[in-house]
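First, the structure itself, so that you have it in front of you.
Each chain carries a letter (A, B and C) given by its place in the written order, and its residues are counted from 1.
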Amino acid sequence: MIDLLQIAVFNAAYADAIDSDDLERWPSFFTAECNYRVTSIENYRAGLAAGLVWADTRDMLTDRVSALREANIYERHTYRHLIGIPLITEASDSTAQARTPFMVARIMHTGETDVFATGVYLDRFIRQDGQLLLSERIAVCDSSVVDTLLALPL
Amino acid sequence: MIDLLQIAVFNAAYADAIDSDDLERWPSFFTAECNYRVTSIENYRAGLAAGLVWADTRDMLTDRVSALREANIYERHTYRHLIGIPLITEASDSTAQARTPFMVARIMHTGETDVFATGVYLDRFIRQDGQLLLSERIAVCDSSVVDTLLALPL
Amino acid sequence: MIDLLQIAVFNAAYADAIDSDDLERWPSFFTAECNYRVTSIENYRAGLAAGLVWADTRDMLTDRVSALREANIYERHTYRHLIGIPLITEASDSTAQARTPFMVARIMHTGETDVFATGVYLDRFIRQDGQLLLSERIAVCDSSVVDTLLALPL
């Protein structure tokens, strides 16, 4: 059965890829067909599907990383994710659902650091060939202002 | 024996109830007779018993939630708790004591996010009918300024 | 084998010693010969060895605590560490390597709280007489500005 520690380790690796600027590894945490979204709690509750960031294949995530690299936007700042203990709402040998809080600090090139985003990941995991992957991650941000600044993945 | 993972999962559920505006579930994490306090490290060290927020029954916690709902104060902002790994200082089959760090971000209606409170939970747990409950939670805040702004539970 | 929970508990105790102003216990988390450094990601990537804070014995850490006590600098503020789940990159019965994210809030005497430092611990653990100890902790800060303000240990 997929358990708390497996998900916690997965999330630690996921955050580390983003925060250590190893963005090219980020899509590898998802299944080939997947649902990745960043939205706000207001939009999520209103049932608005898309949010500001949206992808439904791993290739779209890869494209997004390429775009970030080309635009060099990502060089202006880095993130540091602190991810909480997952609340598992459903689990079997090969699938799991969890909601997990996150807090992301943003470190500007000037060194200035602030709390950039907080919220909860609504996740669906699947085990494929022994490896845990996200078939869905909806990052529901507590603030609706975060969207307009969003560059790196949450 | 009550162990680290059980307490970590308990804390994750506790935080989720508050942060997802499911406040009515908050009192259910406590025993009928309980000690809930929010205080500052200065007051705690000085042995001042009460602190700003204080309750010794679950019913008082329920009253507090009702008051928050009626006043609609809580709609002006939300919290996001990040709760650390518990340090268990005593544990048996049916009871445990732990100290656990927390960091709480506050998200204003305008979207502005800041670190609202940090500190440590001083907890006494008890297992009743197979369920873990708090007989005592003293939220000792690192800052003494936090009190005056306090609305939602920590 | 040294595992995730053992390291997580170690980190919780480490943070608690610093954040509860029990600094004299801080050196006891290290081996007699050890490598403790605080540096920035920029300096770390540039291969600059020292960083702003640097020690290679436990005695040097003890001296640092004494200096802080005498200078009374540490009284002006406290820290609150939130430490993430360790990513273990190597482990055996008696040694382990891990990288673990941290977020540290600083609480000024006035009560003002901000995110002081974020980054990742690059750690080498060793088990001596049944006790887990750090033979190396390099605190790599995401911001290079943090150094100039540094007083308490990270």
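In this text, a residue touches a chain if its C-beta (ideal position, glycine included) is under 8 Å from a C-beta of that chain, and two chains touch if they have at least 3 such contacts.
This one's a predicted model, so the numbers in the text were calculated from it and none came from an experiment.
Under the stated contact rule, the graph of chain-to-chain touches is complete, every pair of chains being in contact.
In this structure chain B contacts its sequence twin chain C using mostly different residue numbers, the overlap staying below half.
Here the spacing of chain B and chain C, counted between their Cα centres, is 27 Å.
Looking at chain B, residues 5, 82, 103, 114-115 sit in touch with two or more other chains. Residue ranges of chain A in contact with chain B, taken from their complex: 4-5, 41, 82, 84-87, 99, 101, 103, 114-120, 142-146. Note for the complex: chain C touches chain B at residues 5, 8-9, 11-13, 15-16, 19-20, 78, 80-83, 103, 105, 107, 110-115.
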